[in-house]
Amino acid sequence: MSVNVKTFARLADAASALANERGARFMGGGTVLMRLINDTNPAVETVVRSTDQSLLHLAVSSGRIELGSGVTMAAVLAERDLAFLHAAARAVGGPAIREAATVGGNLFARTPYGDFATALLALDATVTLAVGLGQRELPLEEFLDRRERGTSLVSAVAFKRPAAEAFRFLKVTRVHPRGVSVLSIAAQLPLASGRITGARIAFGGMNRTPVRAKAAERALEGRALDAAGIAPALAVAAEGTAPADDAIASAWWRREILPVHLRRLLIGPGQA
Amino acid sequence: MFELRKDIFADERDDNLKEIGQPTQRQDMLGHVTGTSTYYDDHRIAGLLHLKVLRSPHAHARIRSIDDAAAARAPGVKRIIRAADVPVNLNTLLSLIQFGKDDEPSLANDIVRYKGEPILGIVATSERAAIEALGLVRVSYDQLPAVFDVEEALKPGAPSVNATYPKNTFEYHGKYDHQKLRYGDVEAGFAQADVVLEERYQMSPIEHAPVETNGSIAVPDTNGRFVVYTSTQALFFSLDTAAKINAVPSNQLHFIGGTVGGGFGGKVDTMTEPLVILAARLTGAPVRYRFSRHEEMQFGAPRGAERIYVKDGVMRDGRIVARKVRAYFDSGAYTRLSSYAVVKCVAHIPGPYTIPNAHADVYCVFTNRTPATAMRGFGVTALDFALECQMDKLAVAIGMDPIEFRILNAYRDGDMKAHRREAKNCALIECAQVAAEKANWPLREQFRRMSSRIGGGADRTAAGVDRSRAPTPAAPARTAAAAPQRVAYERPAPPAPTPPPARGAPPPPPSPPAGSTHGAPRFSSVFGTRRR
Amino acid sequence: MKTPVQFRLNGEDVAAFAESGANLLDVLREVVGDLSVKGGCWQGSCGACTVLIDGAPRLSCLTLAESIAGRSIETAAGLRRGAELHPLQIAFMERFAAQCGYCTSGMLMAAKALLDRNPSPTREDVVEALGGNICRCTGYEPIIQAVLDAASGDRRRRA
Amino acid sequence: MAKHRGRGVATINYPIGMNLGGDPSQALVHSNPTGKFTVTLSSIDLGQGMKSVTRQICAETLGVPVEDVFVDTADSDTGPHCMGSFASRGTHRVGNAVMMAAREARAVMMEAAAEELEVDPADLETDGRGAIHVKGAPHRSIAVRDVAIAAQFRQGRTIAGRGIFLVPLSDVDAETGEMTPATCYAHACFIVEVEVDDETGDVAVLKMTSAYELGRALNPKLVEQQLVGGSWMGMSHALYETPEPYYPDTREGPRDFNEYLMPGPGDICPHDVAVLERPASDGPFGAKGLGEMCANPVLPAVANAIFNAVGVRVNELPITPEKVLRALKARGGAVPARAR
């Protein structure tokens, strides 16, 4: 039996179809779902799509950034005002994947995929869900925490623009230029008179979903961005992580190199 | 950068040629860049059906029952193929050259021996319909203990993997669980050595990963024949294997292939052709059987992993005086080609070096993993890794430059090799010299002057090396570059009951071990179990 | 269930009936008959099936066929203009940038997507553009050189 | 944190053709009525260039331009038996079979030309450009095309030939391993430079330098293709590839090209190659084979370079950064060896 594809012009109609059909999954760019369909994965019986233009909404202002869930990685890369996110967008697949892969889809990517979501987590993004005829917002962290349960339709993400130079992203991969993450690190490091205040750090590939590095964040509070200042954060960086052994790397190696790469991201490769 | 060093060995070549040596464009290049090269799947065939197989989820289990009733009724299903439908459901790949015993079914009968072993096939109107129907097949298993480590598999009480070889080793010469190499007296060599080094090396399995996966299409043709479009690397090998398993005369099969999207050894095993032909015979329709990428990665045969122990004895002056190798080839659940790789490995010991005492025992071991097969460098890649790492360690141990150490020990024309044939046409030293020069790797003058040719080894004396055991060089027998078709080999065929002396009559290797059966009764082939 | 889908393929209008949920790769090869597009994984992991959709590189195996209605598809079969080869095809030949040839169509299209947007790429740009395409034979270097050659050839012709 | 450079070397040889022989291949060559030749094989071209190299061998042997020869491979109804494309046997075994077939076809062609020119066939030679002339008298010439027309329509000759090459199966002694495993060997020396990150274990390959001896480079571009592509595969085997990352445990096996790790186009390095030619007495124009051995020396050379860089030995493949890092920790940090 072939897969049932339902395409809706209005997002609300797609959301209600998704809620009401057994085995229905929402397709954004198709990079996750098409593979399952090609594999004849029995979990995918019905595919719900939407051609609603609101999904492609991309608004960049000085304070706030809104990305429709259908915005592709290529679209992010084409937006000069989003330069701070380009490293994270480029971390997703090769050029052809990036033309299809969406912001919304990345929130559902299974570890060790999901590098863009890791970046959004460090940006304290909120997720907007289409629920019935309305919308509901929740923090990305909360969304990731419960994404395995139930189907939801993400319509957009939004976050405050980070201060200039405050946002950093690093993907560790064995294969270049395109390889799956061993791990990824995103960090937002606001500085006030040379001291870090309110750091947000997220790790990809270190848990079932991207996670906040809260112990490291706390350890950075009020510290200088130098070798001595970050040392306590490095010591606790792996706290709360639960990486897996997989085909890319072992849990042991991921844990071992996490503080090394965190240090390099924070203060550069040349400093010990 | 790429350069041809025409200056080296120029006296051995006639370079007065017109087409040979030219950088002529590939005959297939225009097709490749225009997307018009025809691979096996580039045929549009009306009414094509699709075959997919049910694979074992267990590494070792007894099949208690199979219920395919629901699958048979599923939409699009044309035919279920069971083990009992396979006319000759036991084969070994090298049966065509009488190497080994039949040990592998096309579809598992009663026991599955690796995760992914095919159990049953479904032919349907689409791949999707076939896979959906496979999901409806209910198999009940009794799991059996499994073994995954080559040395564990050889211990008493280890689970028996392969019914044909219940002791988990391929059988050589009808009596041994390994292939031997005995040359000189390796223990005497170790006793004499200044430094003895023993190390363990472990290779990884390797997936061939051609961008085109394994596959074939069988199309019923006129007069009861079948046209088979195939990705095989070995057309008649696959044709004859498929004919045997299907119990049809070989001339009922018309194989077409020849343009293949990468192979690297992974398309020799004829994994799709026998069943796709059977499917076409049973349905009377054209059928395609194409591996998914996941199947190719995990259930298509990989290069097997080898575990190799090397023990070397070396003198402070740089001479290697003894080399002992014990190696285990992980064949997976069935033989495929690993038995053969073992012999290739034994022949390669002790590497391209002249070592007076060499000894090896190499085993082909069965474990409960995907059967291994040939891959680029088969039988040799692993040994080269072990031996060349070992060479580096030995050079460090005696404080010698690693390239000079290799040049010193490199085999020269006229040297006796451990498999008891005279070395000829050698060029290892020249390769080392050229590579060192290009890489600005300094070599001392005496090593820059050495040569692979007869006489070129005299410099080894200058390096303080005793070459007295090496054979007296015979006059170089140089043949024309464009050789006659039939070549006189050192050894006549068919085999004589006792080994004749090699050309140039080199002296026998020093002090063969007591009880050596050199010259003892010989078997008609290495296989021992030659069949007629 | 089949869905009608109309699109442009290498400049020609095409209409096909696609199985619901079918990917563009299968529709191009098995329904339309464009065999220049190759399938290597149907997972989005090898790049052999790369085509251009409205000028952008896309993996046809991960593209829902019915989503391309009204769009313009380019494949390797459409690269040459009559007897005249595309500069990329010439460069691939001159650099011996294919062995088994199975990845070549996808490589050519990934490279074309780059050169159409960036006629003077750096080596880094080329490496990035080919990042999604697996080649198991060549070691990539000849392919990178071919793309750079095609780009500089284009520059020469314009000059 | 530090990155350390090191160089490693390996020297290897490789046997050509199936071990122990027993691997025949046949070829057929024939002319059409206008002097264009077809080579008919059942051999496989899986990218190595079988069609191209046998085409050049046939053209050289016939004495005609390569454009006048076309090779048809792998149809079991028309192509005679070949064991297959593996064991580095294609160029050597199939090449020899094609040479033999082309020689037989050439002999008929020369007889037909001799009849047209009314001379002794032994007095004729080909010019490699499509004509046959009397030795020392180029003006007494006839086009191959006209010879083929005459042979077909006037003389009733078939300009065709059959070829086979067989290394008879050799035995192996059960007790000593005495055997004739191969008839010729190719050789290589490979030097590689790496950089090792002593905090992560990551290894980058910076430069490859090699010398390969192959008997004869029948087509240097095809040789370069194999050596460059093969060294990439060797580097991949050394550092990346495995379908069983936790071998002998079978878990976490990769299912796609994302999980099956191989170096990408951003991980490659310059490779400086030299090719030497010491002809094999039984090779076609002395050629051996290079399809497999091109990858082999890279694996140990990389392992040895890592030791040279940081002083640790990893005896298990692939040499993942994890293994390097574990070895570094066991060793108490990087101990670079003497620079090379």
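Here are some notes:
Letters A, B, C and D mark the chains in the order given here, with residues in each chain numbered from 1 onward.
In this section, a contact is a pair of C-beta atoms (placed from the backbone, for glycine too) under 8 Å apart; a residue touches a chain by one contact, two chains touch by 3 or more.
A quick note: this is a predicted structure, and the numbers were derived from the prediction, not measured.
Of all chain pairs, the one linked by the most C-beta contacts is B-D.
Chain A and chain D have CA centres that are 47 Å apart.
Between the CA-based centres of chain A and chain B the separation comes to 45 Å, rounded to the whole angstrom.
Taking the mean of the C-alpha atoms as each chain's centre, chain B and chain D sit 16 Å apart. Separating the centre of chain B from that of chain C, both taken as means of CA atoms, is a distance of 36 Å.
Counting partner chains per residue, chain B has residues 25-26, 28, 209-210, 259-264, 292-294 touching two or more of them.
Among the residues of chain D, those touching two or more other chains are numbered 46-47, 49, 221-222, 224, 230, 233, 253-258, 260, 262, 264-266, 271. Looking at chain A, residues 2, 39, 176-178 sit in touch with two or more other chains. Because contacts link each chain to all the remaining chains, their graph is best described as complete. Per the touch definition, chain D reaches chain A in the complex via residues 1, 199-201, 240, 245-246, 251-255, 258-267, 320-322, 325. Taken together, the chain A residues at the contact with chain B in this complex read 1-2, 39-40, 42. Contacts from chain A toward chain C in the complex involve residues 2-5, 7, 27, 29-31, 34-35, 37-39, 47, 49, 74, 93-97, 99-100, 176-178. Across the complex, chain D is touched by residues 174-180, 245-250, 252-253, 256-257, 260-261, 264, 269-270, 272 of chain A.
Residues of chain B touching chain C in their complex: 25-26, 28-39, 41-42, 44, 126, 209-213, 259-264, 292-294.
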